[in-house]
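Before I ask anything, let me first share the structure, which is written out below as structure tokens.
Chains here go by letter, A, B and C, matching the order in which they are written, and residues are numbered from 1 within each.
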Amino acid sequence: MLSAPAALSTDGRPQRPIESRLEMSRRSFLQFCATLATTLGLPKGAEAAMAQAMEAAQRPSVIWLHFQECTGCTESMLRAEHPTLEKLILDVISLDYHETLFAAAGHQVEAARKAAMERHKGKYLLVVEGAIPTRDGGIYCKVGNQTAIELTRECAKDAAAVIAIGSCASWGGMPATDPNPTGAVGVGKILDKPVVTIPGCPPNPYNFLATVVHFLTFGSLPPVDAQGRPLFAYSRLVHENCERRAHYDAGRFALAFGDDGHRKGYCLYKLGCKGPETYANCPTVLFGDAGAGTWPVGCGHPCIGCTEEGVGFSKPIHMLAKVKNVEPPALYPAIHEPQGQGATLGSAAVLAAVAGAAAGAGAMFARNLGKQHAAADTAAKPAQREDA
Amino acid sequence: MNGRREFLRRALAGGAAVAGTTACPSAHARGNAEIPPEAIGLLFDSTLCIGCKACVAACKAANDLPLDYNSPVDALWDMPLDTTARTYNVIKAWQSGTGTQRNQQIDGYAFMKSSCLHCIDPSCVSACPVSAMTKDPATGIVQYDADACIGCRYCVAACPFGIPKYDYDSPTGKIGKCELCRHLLPEGKYAACAEVCPTGATLFGKVSALKAEAHRRLALQEGAPTIWPRGNLDTADQPAWEGPAPRYVQHVYGEKEVGGTQMLKLAAVPFEQLGHKPLPERSFSSQSETLQHTLYGGLVLPLAVLGVMSWVARRNVKHDDETDARGAQDAHAGEKRHD
Amino acid sequence: MTEHIHVAPAPVGGRLLTPVTFTCGVLILAALAILAVRFVLGLGAVTHLNDGYPWGIWVVADVVIGSAFACGGFSIAMLVYIFNKGEYHPLVRPALLASLFGYTLAGVGVIFDLGRWWNFWHILSPAYASPNSVMFEVALCISLYIVVMWIEFSPTFMEKWGMRDARRKLNKVMFFFIALGTVLPMMHQSSLGSLLIVFGTQIHPLWQTMLLPLIFLLSAITIGYAVVLFESCLAAAGYRRSIEMHLLTPLAKIMLGVLAVFMIVRFGDLLWRGALGHAFAANLQAFMFWLETACFLSPFVLLRSEVQRRNPARLFIGGALLMLGGVLLRINAFLVGYDTGTGWSYFPSVPELLVTFGMFAIEVLGYIVITRRFPVLPREDAPPTATPAALRAATR
């Protein structure tokens, strides 16, 4: 199933070996592929397929739109380290339109976008960063005199797939925070086609890359949940893989920032950590390629639930998370547990045997008493007669 | 030395108590006992409980209790099925249907804390024949003294909530039950289960304050934002949090049951489904004690009966005496004959 | 045979080692072995006791039922000394002996069941007194009654060992101990029922009532008479003696009278509380209630006429069934009708049962040994009225 990436190649000229294109050793490249395959939770052998797909020199055309956002998602992408992301977005994909990274400007760049869309009609990837304002006809965000709504719809029309990167593009994120003056919504709200969302503020770059490479490798987008989030990254609660989970289970909580428990690395639930209601792979993938503990909870800050609509940017830090993974499993005792030992075969048999023996002996005994009584009666009667 | 002093102290107090109750026939009939004004207790709000079992773990730590492998699963985790002599506090789960909707009746689930309710008029204290189970006159804590206990397990059988438990697996087994961490009170601490509870589902405080808090919650509109205190309600030692109110069952369990308890409970699911049977308002101990003291108050009735019996017996034994004496002689003679 | 003068008691004599005493010995040894395990490893090692049923058959059978069976002494003593029915005097000593054993063993049986038995003395110490507790009262009464009974029975030993002076002195105050010996059982037999009142709604409505003390007391008195009937028949056959029918026949009538009062109270209470409806439910409790009631009613059928009351077989069965009714009343009230919460179950384990059988074996063995060696049963010089052949048939 490598047809889609082949179709997406930008030109016919022979490619340099991918190692030289990415300025990395063959070993590093394979390691990178293995990392992404692991992030995706793919089986053994997938990393080879990925390497093959990326070597096949198909550089999918990518159009990257920016609306109501802080460019944090892009910044986060740029700081991925293995390999450096600029290499990837320039050499693995053909980034044909990106407002932050483009040197060109004005009509020139809009023309480039239109040309790319025309050239790769039905084959390019559309990535949207930022929320889309809908109030008052969407006039609160315009690029090249087009509103965000118009631009998104225009670009999405012939896109092979649409990826919403960041919480803003996913459901509105921070711009959509109450009272939401611009009517900001996520990409999915204004498009009819399915949108893969990579929420997070910022999202983890590897979740985005893995989604793209999945598309490259298998020609399809990864399976997603009801919010459009790839399951490989968003199917587990932060709480479930949290390094502080043992403290939660043992009832050791930090009560205030900087208190004893906080310094000892206790659970941050009482400080309002939203890990128990937030689906994301932050505790396993971490951020910034700087080693262990480099994610919010690892650094001592409660999770704010940025990947979770209705939690991130809407539920304040002092409100407690609703623990989502406690649908009572078997390990909670039920209200009424069967306890105690009922009749065993042995005890019932012993009791029955003794009761039976007692009843039998009693019956025998009574019978004999009856006989004796009868004998006495018959013995007494003649005597009485004689007396009479 | 201390032991003897303690013994004498107990002897005096016990003697006085016996004298007091037996010599005071007017104390026959009694209603439910009154709650001490400064009584402390817990408020458990099932709707807030997230099933984290932090209270179960904290209780074990605070009371220095061993693991309890009372589970069919395996003997690897502390996994008690119920409160036992080695587990004073357990979080139980109730489920219906698919068991996925928190605090809902249909396809719902809810958690319930099982631990001593610290009755205002406790059956276990009334039952205990050796004053091993007592109620603290100030705090109202129902406390246990293993050194006094004879292990008759009358308290286990009498408790309408099935709380005191005996350790059958030990030759020197003790009764085990929650004593509201009374050993921590002098240190300025309070019940470990409330202290550790992350949501304030278990709240510690004066019963009067807890009762007011319970009724405040019942009066809330469903979904209305409100403040949920945590830890100790009286001292507000932990930050409160804000959240929406759930839909409560309009019943404070423990307010009236068997004369009231010092642990109050709120829930979104009818209490009977959570293993809390409806109980009468009259305490069982007051019924039992009324009966006992009516019959034995001041030992009036038994002594009167004894007097009559003695008089009658004295009259009837007389004629018996001679025959008995004769019988004895006969028996003696008979024995000699046998020899 | 029909003379109404008091026949002096005398030892029965004879061998002590018989198949019956041997069986008793084996059962007692088995019980002792099990009890050794119980004291080393704890109650859980040999019993099925659990926190849903903290009281098992050791409490219900050995103590509650055991002491009710031991009411013969109390019932007969009341008849002889309080109601001045001197003709029943020959029954006093054997009944008293059975009572003495029953109660002493009940007291010892309590120790086996106590989880912290080394503290047992606390119950008698004012330092630990708990006057609100029903069990406190029961324990005090039973302890005192055991002492009183030993005093009541001591003339037997005094006669054996020729302590005439002591006996004469004791006789002067015996009336007081006899009075005490009727008041104390009344107190604790009723309180054995009162024990359940504090259990409240944990006891099934068929058994939970404020009249429990009266119901238990009345049933204990009838059981007392039933035990005397049962025992007299058994002893007569076992020792090949004539049965004191001239005493047992009218005694059966008295028993029926008390039983009638008991039944009126029992059913009157059920009707007055409106609890009788529970007896028609399709559950174990209702079934056991009717079984219990049937046992209590059967003597009225078996012994309804004077002719039937002269038949020792009927007296024996009637007495046995009434005893069974008393057993069921106690088992039902304490175990079958007890429900501390859904999910709990209890049935005695084999070792638990063996200890209870061992306890009854001690009673039987003790009764045999003492009656054979001490002056308890009325002396029997005259040959029995029945022919030797008939007697042999009766005891085979």
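In the analysis below, contacts are C-beta pairs under 8 Å (C-beta built on N, C-alpha and C of every residue); 3 or more make two chains touch, one makes a residue touch a chain.
Keep in mind that what you see is a predicted model, and the values were worked out from it rather than measured.
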Closest chain to the centre of mass proxy, which here is the mean CA position: B
Pair joined by more contacting C-beta pairs (A-B or B-C): B-C
Centre-of-Cα separation between subunit C and subunit A, whole angstrom: 71
Whole-Å gap between the CA centroids of subunit A and subunit B: 46
Inter-centroid spacing, subunit C versus subunit B (mean Cα positions, whole Å): 33
Sequence positions of subunit A contacting 2 or more other chains: 335-337, 339
Junction residues of subunit C - those touching two or more other chains: 50-52, 341-342
Residues of subunit B touching at least two other chains: 82, 275
Residue ranges of subunit B in contact with subunit C within the complex: 7-8, 10-11, 13-15, 17-18, 21-22, 82, 84, 123, 125-132, 146-154, 156-160, 162, 165-174, 258, 275, 277, 279-280, 284-285, 287-289, 291-293, 295-296, 302, 305-306, 309-310, 312-317, 319-321, 323-328, 330-332, 334-335, 338
Residues of subunit A touching subunit B in the complex: 248-251, 253, 255-256, 267, 269-270, 272, 276, 316, 318-320, 322-323, 326-328, 330-337, 339
Residues of subunit A that touch subunit C when the two form their complex: 335-344, 346-348, 350-351, 354, 362, 365-373, 375-376, 379-380
Complex interface listing, subunit C residues touching subunit B: 5-11, 13, 39-45, 47, 49-52, 54-55, 80-82, 84, 86, 89, 110, 113-117, 119-120, 122-123, 125-137, 139, 155, 159-160, 162, 164, 167-168, 171, 174-176, 178-180, 182-183, 186-187, 190-191, 194-195, 197-202, 210, 213, 338, 340-342, 375, 379
Touch list for subunit B against partner subunit A, complex: 50-55, 57-58, 73, 77, 79-82, 90-95, 99-100, 102, 109, 111-112, 196, 198-199, 228, 230, 238-239, 241-243, 273-275
